[in-house]
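Read through the structure below, which is laid out as structure tokens, and then see the notes.
Which chain is which? They are A, B, C and D, in the order written, and residues in each are numbered from 1.
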Amino acid sequence: MAELLQFVIAGLKSGSIYALVALGFTIVYAATGAINFAQGEFYMLGGMLGVWFVSLGLPVPVAALCAVVSAAAAGALFELAAVRPIAGGDPLRIIIVTIGGSVVLRQLALHLFGPDELTLASFTPGPSIRLFGAAIERQTLWIWALTLVAVVGLVILYRRTAFGKAMRATSLRRDAARLVGIDARAMVTASFALAAGLGALAGLAVTPLTQTAFDVGAGIGVKGFSAAILGGLGNPIAAVGGGLVLGLLESLAAGYLDPIYKDAISLIVLLAVLFLRPQGLLGGSGKEKV
Amino acid sequence: MRNARWVVALALVVSMTVGMSGCGAQGTQGDSKTAEPIKLGAVLSLTGTYAALGTAEKQALELESARINKSGGIDGHPIELVIEDDATDEAKAVAAASKLIEQDEVVAILGATGTGQSMAIRGDVDRAQVPQISMAGGTAITQQFDANVFQTPWSNTIVVPFVLDAIKKSGVSQIALITDTGGYGKDGKPIIEASAAELGLKIVANETFNPGDTDMTAQLTKIRASGAKAVLLWTAGKEATTIMKNAQGLGMRDGATAVPFFGGSGQARLEFGEGSGDAAEGFTFGTGKSLVSTNWGPDSEEFKVVSDFAKRYEAAYGQAPDIFAGHAFDAFLIVVNALKAAGPDADGAAIRDAIEATNGLVGFAGTFTYSATDHNGLTTEDLSLYRFAGGMWEPAE
Amino acid sequence: MSSRRARAIVIVISTLTIALLPLVVQDRFLLKIFTFVGLNALVVVGISLLFGYAGQVSLGHAGFVGLGAYTAAFLVARLDLPWLLAMVAAGLVTALGGMVLAVPSLRLKGHYLAMATLGFGELMTLGFKEADFVTGGVNGFSGVPFPSVGALVLDTPQQLYWLVWSVVGVALLLAGNIVASRPGRAMRALHGSELGAQASGVDVVGVKVRAFVLSATFAGLSGALYASIVGFISPSLFTTAASVTFLAMAVIGGSNSLAGPLLSVVLLTLLEYLDALVPGISRTTAEVIQAYQADIYGLAIIAVILFAPSGLAGMWRRTRSTV
Amino acid sequence: MTLLKVKDVTRRFGGLVAVDSVSFEVHEGTIKALIGPNGAGKSTLFNTLTGFDRPDLGSVTFDGTELIGRAPRAVVRAGVARTFQNTQLFNQMTAVENVMVGAQAHQGRGFSAAALRLPRAMAEDAESGREAARLLRLIGIDEWSGTLGGDLPAGIRRLVEIARALATSPRLLLLDEPAAGLNATETAELISTLFRVRDSGITVLVVEHDMGLVMEVSDEIVVLDRGAKIAEGPPRIIQKDPAVIAAYLGEEEPDDE
């Protein structure tokens, strides 16, 4: 029983990370109808920048804020420089540009921070919390707390603020949004920034447990996308669910089956959902209008 | 008619390519008349993931070849070192080896830096009958035996029994194993299983993880529940840090439920100690004695070789050599030793035979004795135990 | 008319140059490099059909290269089958692989398809790593013999060069014929507007599956040839990064063209070996190019998409129409 | 003779009934118009007739055969061609190539034949080229034949799409707002083209907002409002139908849906 609980805790930890990355995918998808293949690289940037700001002598909370804000700015910049100029938002070209962007971001990190893994101290050091025989690392609590804050913040942003309403309107119909005076293009930039910031937050929160390196983005990108697709791309809340489910599946597979299947699981989930139910398991709809 | 200019332009490009290729061919043939240098090739990762390792190796090789040439080379023939960068990429390693063999006609290849790259070039090495001395640690390099391929670092085949022996001596009989599914751990796992059976150690939990995994709590939970009295971690990846942190989170690093952790050469990395912090406190691993040169004893020949090299290296580059520089030093030493025996005119096959006859050659990593069945050449005598304290290793005894 | 003649002249000159190169270039290493160019070209010609003409993204083609490589290696080195038979088998197996991916992908468009192919490619790489008994796992598969037909063993760089470029030549001929006629128009129609293609009676499903199968087969053949020419293969040769490189070559070459991607493969592959091609080039220059090569690819595909969406082929067309 | 018979076709999206039990017939050799205010369900109905969408209920028989459940390609090969409200040209192909695609609707995929340059494939290709050129001349846009689809003016794009549809040798042609974006001269030309098409024996069903065009060309008109058929008959009757006038009252001149 304690074992199962431990697996669940581990699954919810990884799942929260996947959820944040998946949220980034859905936000960009909602605003542009495209997948940002560079999303994983912002996760990498979050950790890398966090380490760098700490090495400059900033206290952890300030460094964390700086890292997330810088990554968000990088996301906005990327959208302005590479995605916005694409005429008509042709999805094929957005795919290629974001793939190119992911390569460039990864190489940039390699040139700036070197090939070796970098370390970040736990936000609050100390022994784990005990719960019915299972242990919860303090950093895991941080990961959960930050995920919760991000999700609640996002919900409030979307439901309660003018900005959020504009974002939602844009995602429903870009031309209609323009009619009511919303600058749809600014909303797209904002969505890239928001997605990058969420990815960076995930990368930052997990670095004290895993270290980080220039090449961690691609792998987490696939996991985050699998989570997003599991939830159905159109729906942010379902994406969070998708992330948690994927994390749990992986953890239980590593616990009760062979960990070899762990990587295969997200890939199989990805392919199975894409092939059998592209609109996602947890609702949402991505059906193209004829 | 407007297309005529394109035809002309294409013809120009074609003739340029052909001309350039011709020059390239001439360039390599032109300068062999003046002296008769012995050409040694090196395939190193000067860029990409292993850039730091390859750069240290390059420095060691250049340092040592300059020293040999200053003292008259091999019977008056200078050594010409041709270094190629494989960019930590297997396809490029193949091309680099190919260039060294086909274009530079080297008599031996030092390298590569990484295990994958070392494995990748053996096809060319075999076909050209040129010996290869790898500086990478992967057991497969000499375990998947190839008559032309030798290796200088301590291999899993000696490190595993050494570490297991240490575990046994600490009074433990039930161990848990956690290995990666990438190259290093996958290599080590069968060796550990066989060796443990031989020593009478029982593996009560046998877990694996994938490179890139960010949480190993599930595996460690099972290990904790297995009743193992020691955990052997076999990986060279950054995930080792995550494992130690997860273990600490599960209470396996301190207090009543603490379990000793052991490892191998893969943990002789500063990033591991630094990243794991107090989670790795007391972590014991086995690897070469040369990690701390005083291990050898002040009067030993090994100490002299290691400290002389360290002095020269530091004088030339302003920093102490790391073990990768040391492994390159050994590779160069072994080839030079074989060249002295086989003569400056020896071809690849003769040099290979001479390398295989290496006996009792003292180098950085220890004493090399190759044979027709052993192309790693080191023994457990060349190993030592280390323990992490305050994020840095120190001799365990 | 004159445009068609110029085209013919260019094709004849390039064919002659490629065919006769080994007679001029004696350097065995340079010939090997040009052989690698041919192997890349084979993959990229296939991707151009799929991506450049039919508008279907694949981020998993390195998986097909690997599938072909391992199939051929296993059949020749472990089962001692004749090399030619192994080549045919490698082609068939990858064709089947292409179909396995194509059939469920029919419902997917754009980014969904891209992700599905990426997942498929990663799954294949995982398979290469884990199926030790066939693939040799992460340590790779060594000891693949040189190509041979009966008693004739092709083991000199010249022979291997001619072998590879003959296959490339045949592939280009087939691909060129296809794109110049009805199925080529059907693929471009699919690319232009899937709805329009359907409304015009194009067999969208059939065309997609065939484009997938054809490009997978080309990739598989390239892998099979690589395995027997180099003698060693391992999973790290067939990663998503390699797939992205192939796609980048096709993107930079341009859509609706075979000549553009061919030119792009030649230039980009040779860029990796600049130090071997240009005798006077300094060590540092070569290393800088090596270290920044991925950057070059990344920036180049962004630049092409933003400033020259039809790639090298488009630039060529534009120059021609303004001259 | 009845060429197309639409019976009780219903299409729902969630709670919204886009097409509500619509029935009508199109007689061979006539031009029939389908009109109605924005959101009346005209395009949805078009999609259900051509295999792009599947109705929840109802049947569509073409010359006695059921069309529901067939893929768009099968519908085309049965003899029903269509155009789109938002033109779906192939932008990277010339006008003549666009039309050639349609001309090959009844041929196989031909990968192997094309790869090997079999004489049959070459002959078919040449024939398609001639047919495409003929159609462009027929519609009167042959001076555009070498221009890329993406470079064509909006009006010409519509006409090329009609040519492409005609190239599939249909017996029934479905046009979705062919006059949208056309100027007066172009509309006049379109009208004469429609008559020529009808006179060559092809039946036409057209969705159109340009009432002048509708009244001039159509033999019969079906009016939809909020998914349901509210009137059907010859133009003179429809013009005076109170239900139709009510449906259009308060509606500005609509431009798109």
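Simple rule for what comes next: a residue touches a chain if its C-beta (ideal position, glycine included) is under 8 Å from a C-beta of that chain, and two chains touch if they have at least 3 such contacts.
The structure displayed is predicted, hence computed values, not measured ones.
Q: What chain sits nearest the middle when you go by CA atom centres?
A: Smallest centre-to-centre distance to the global C-alpha mean: chain C.
Q: So which chain is farthest from chain D, going by the mean of the CA atoms in each chain?
A: B
Q: Using the average of all C-alpha atoms in each chain as its centre, how far is it in Å between chain B and chain D?
A: Centres of chain B and chain D (C-alpha means) sit 70 Å apart.
Q: State, to the nearest whole Å, the distance from the C-alpha centre of chain C to the C-alpha centre of chain D.
A: Chain C and chain D have C-alpha centres separated by 41 Å.
Q: What's the distance between the Cα centroids of chain B and chain C, rounded to whole Å?
A: Going by mean C-alpha positions, chain B sits 33 Å from chain C.
Q: For chain A versus chain B, what separation do you get between their C-alpha means, in angstrom?
A: Centres of chain A and chain B (C-alpha means) sit 37 Å apart.
Q: For chain C, write out the residues touching at least two other chains, lowest number first.
A: Only 130, 195, 291 qualify.
Q: Please output the residue numbers of chain D that touch at least 2 other chains, ranges allowed.
A: Residues 52.
Q: Would you please write down the residue numbers of chain A that are in contact with two or more other chains?
A: Where chain A meets two or more other chains at a single residue, that happens at 260, 263, 290.
Q: Using the touch definition from the top, list the residues of chain C that touch chain D in their complex.
A: 174-175, 177-178, 180-186, 188-189, 191-193, 195-204, 206-207, 210, 214, 255-256
Q: What part of chain C is in contact with chain A in the complex they form?
A: Touching chain A: residues 55, 57, 59, 104-105, 107-112, 114-116, 118-120, 122-123, 126, 130, 195, 240, 244, 247-248, 251, 291-292, 294-295, 297-302, 305-306, 309 of chain C.
Q: In the complex formed with chain C, which residues of chain A make contact?
A: Touch list, chain A to chain C: 34-35, 37, 82, 85-86, 91-97, 99-104, 106-108, 111, 218, 222, 225-226, 229, 260, 263-264, 267-268, 270-271, 274-275, 278, 286, 288, 290.
Q: Over in the complex, which chain B residues touch chain A? Could you list them?
A: 48-52, 181, 207-210, 212-219, 221-222, 225, 238-239, 241-242, 245-246, 248-251, 254, 271, 274-275, 277
Q: Which residues, counting only chain D, touch chain C once they are in their complex?
A: 50-52, 71-73, 76-77, 81-84, 88-93, 97-98, 100-102, 104-107, 109-111, 114-117, 121-122, 124-125, 128, 149, 161, 164-165, 167-168
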